[in-house]
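What follows are several structures.
Look at the two complexes coming up: subunit A is in both, with subunit B in one and subunit C in the other.
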Partner chain A sequence: MTDVLAEKRGIQRERCKTGIEGLDNILNGGIPRGNTILVTGSCGTGKTTLSLEFLVHGALSGEKCLFISVTEPSSKLLANLIPYEFFDDRLIEQGLLVFIDMPALYERLGLRKTEFTFEEIHMLVNAISGIVRELQIKRLVIDSITSVCFQLKTEEKIREFILKLGKALSDFGCTSLLVSEISPAEQRYSMYGVEEAIADGIIILGNLERKGDLLRTMQVVKMRGTSHSRAKYVLDLTPIGILLVPLLKGGMGAEK
Partner chain B sequence: MVETVSVGIEGLNEALLKGLPKGYTLLVSGEPGSGTELFAKQFATAGIGKENVLYITTTERTEDIINTMHEFGWKSDMQIVNIATMYYEEILAKELEISKYRQEGIGVNDVKNITLDESKMRATNFLTLANYRVSRLKPPFRIVIDSIDFFMEIYDRSDVLSTMRLIKAHSQHHGGVVCITMLKDVYDRATQSGLEEIADCVVELQKEKTQLETQLKLFVKKVRNHPEKGETLLLEIGDKGFVAKPMK
Partner chain C sequence: MNSTEVAERLKSMPDGSSIALKIGETNFADNYVAALNGVLKEFMPERRYTCIYVTTTTPSHLCKNLFEMFEMDVSNIYFVDAISHIMMNVSTQMERTTYIESPTMLENILLKIEFLLKKLANENKLLILDSINTLAIHNGNRILAEFLHILVNNLKSKGVFTIILGVEERNSDEISNMLSLVCDDTIVVK
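And then the complex of A and B:
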């Protein structure tokens, strides 16, 4: 409530700078701290890279960051991260960047069924928020929330999971990115449709074919707590990290 | 003449087809306390020395099986697959660990840098295990499954039925015999009928309490292609085990 009143008086919410070239400008300074953002897109659009870069920049500025990998073993993800110039493996040694595999959590909690009960969902939320509290995590990525949703199955359960988790994370001042996978033809921003309605923000990544080139694009569709551009940008994955340029410019570049 | 083997109980062989034809599956059902477990052991011992005997138990400790058999002076030289013990070690012990995490919560060190052993994570499928052990048997063989209820409890009914069908087909092909014990009247009709349909012979054990004494009876419910068979026999327990006698 105090946040709402503060915003009404024009006081800006504290921002969590993504550190991604161009994205903080689009967001007028960064993601409002404590927001839960859905990063959505089909495969190969850069969701994981964007999320990892968000964490690395956080860790570089001294914030404790947690990556929960659901589908891929985190050791494999790390291998992909090493080539980036912005990455520093001391971040891991110093405990600023922590990787956890969701299957390890499932295993410890004995969650083996294909559909979790509400009780099991609460256990999972408690386990994740417990670790966030224990380590005082300020930035969290779950890659992907869609894989978790596979085991929640119903809209009610997905809603329960994301709301409860989002609330717990926001209480700790933790800014979170939930990676969501959709097929390219999907009209929605998320697989189940529920995730997008609950999230505080949606960043959509996509592919765009232009003159024989397949461009990666990025668009901020929704972001509570800040004004932002809704324009589509071209996303470039470079060794120094993600670069964002307005689509028009990117398009003209391709025409050269 | 069909070749038969003894089911191990005097009097019952005659009520079937002068024994149990090779390749046949016998289903023994009864209420708790009606003697199905003892029946299973007596059936097993009847094959020892002549057949390879595989005894799959889901309820007892191995030493309890052996001790019981020795009490009656039965041979116990058979392969015992103790699913009860495996289930405890693999599943129940793990459940205890899980309850600790659920109760006390998870710390980052409980999950960080954990390499999950996929083979350990994937729980043994005991149906597959039973099927596998059966497939390794060299004919002539005799198989006892005591009891099917454990499988019914933890697996889909249809999976249990298809495994029993596989085991039956295997023993049919190799001329072995199978004895399966099952609790009576606890499953839905489709499941019970399904199992009775797979079995070539079905016997029911009944425990009846009269004013003065308790009587054990055995009802021959089914003998394949012999609908005329359907005797009820009195079961007595002597120092050599069950003896079946005609009702007076």
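And then the complex of A and C:
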């Protein structure tokens, strides 16, 4: 039965609990399993932290999780990871939490050009989906999809890459977060505008300035397969994970 | 009202209650100490509470010094300090203290309280908000009412005993209305 038919008949799609209590509440139980989600925001808003926490909780619940680091070596990423109280090094030793550096994957595939052809895009999709299939990955993060798209250049190629990858991952029941970098002034959710249209869901992280205070915010603007809150929340990155509270609306211009 | 009378009134309330503890302005220091003695020396140990003390008035290190001066046990008190930063007074950070940049960052106060509630999940908890008057200096009435409503109801749902301190004569009608809306009872110390 297709997801649409299942929903029409009132059958809930299986959920992939993010393990972030506030976010799971916003999503009425978690991300519908197999969805490809764009996690978007400017620098310092908590995209990588949220994505890593999603994977760590998955690994703790016994799911195999993969982090593909595009912009920085995963060793550096791990060194700067918030010292989560729930993080356990054995997750990596046991193969539940796997880190791969995208440049190494490019190297292995012989992709050295600054712009990929359609054939090379298919190679890349096949390589990632092959790893997901072989390792039986249930949660995937690509940080960042913006950096991958930089080498695809055209809207057609970006569309081809995300559609093909999203389809392959969904077929394996793999829930994916694609990290997207935007500038603070951006009026859209992704650098190229294509990623947001194709993704099953969009979680936007931001910085809200209010009377000189800077608050970290999160908002789920789209999530196929579930009803969800579209309100803005304030978040905190803590050693026990991301915490969320509602943004107080009395402060939004209601009074001077 | 002396400290024992304050403690007795509090002891008559179940866990999860929310109390507005109004301190009279005349002889304020005596009233304040009587209120704190009643809460921290007499009521809190009997219920075996761990205290989350949210200060928006006096920097936490000064609160701690004051409590120690009156021989209150501070080993079970965790401070959420929303005032030291704006006084440029956080160069030496205290243990069991979480600092917030400004008392205008009400969501961050909620987040730090949430963090401590999770960290102290196995403890019986008491939260003291000191004070509603200073929060009203830094925040408009609408956002403050929204904050109080979310805070108190969240604490109540988790069985946390909540005490909101204020100076009786300095409470505006709006603040009094907010407190009567969210609190189960009012105790006046004067």
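Note that in this section the second predicted complex is superposed on the first by the 245 of 256 C-alpha atoms of A that agree within 3 Å, B and C clash if a C-alpha of one lies under 4 Å from a C-alpha of the other, contacts with A are read in each partner's own complex, and residues count from 1 in each chain.
Here is the rule we go by: contacts are C-beta pairs under 8 Å (C-beta built on N, C-alpha and C of every residue); 3 or more make two chains touch, one makes a residue touch a chain.
Computed from a prediction, not measured in an experiment: that's the story for all the values here.
Asker: Does the superposition put A:D101 against subunit B (first), subunit C (second), both, or neither?
Answerer: first
Asker: Is A:I131 touching anything from subunit B or subunit C once the two structures are fitted on A? First, second, both or neither.
Answerer: First partner only, subunit B.
Asker: State whether A:G173 touches subunit B only (first), subunit C only (second), both chains, or neither.
Answerer: A:G173: touches no partner chain.
Asker: Let me test your reading of the model: by the given contact rule, A:L247 touches which partner, first (subunit B), second (subunit C), both or neither?
Answerer: second
Asker: Considering only touches as defined above, state whether A:T238 meets subunit B (first), subunit C (second), both or neither.
Answerer: second
Asker: Touch test for A:G29: subunit B only (first), subunit C only (second), both, or neither?
Answerer: In the superposition, A:G29 contacts neither subunit B nor subunit C.
Asker: Scan A:D213 for contacts with subunit B and subunit C and give back first, second, both or neither.
Answerer: Once the two structures are laid over each other on A, A:D213 reaches subunit C alone.
Asker: Name, in rising order, each residue of subunit B that touches subunit A in their complex.
Answerer: Within the complex, subunit B touches subunit A at residues 94-95, 98, 101-102, 105-108, 110-112, 114, 116, 121, 123.
Asker: Under the definition above, what is the set of subunit C residues touching subunit A in their complex?
Answerer: 101-102, 104-108, 110-112, 114-115, 118-119, 140-147, 150
Asker: Taking the touch rule as given, give the residues of subunit A at its contact with subunit C in the complex, in rising order.
Answerer: 210-211, 213, 215, 234-236, 238, 240, 243, 245-251, 254-256
Asker: Okay, in this complex, where on subunit A does subunit B touch?
Answerer: 98-101, 103-105, 107-110, 112, 123, 126-127, 130-131, 134-135
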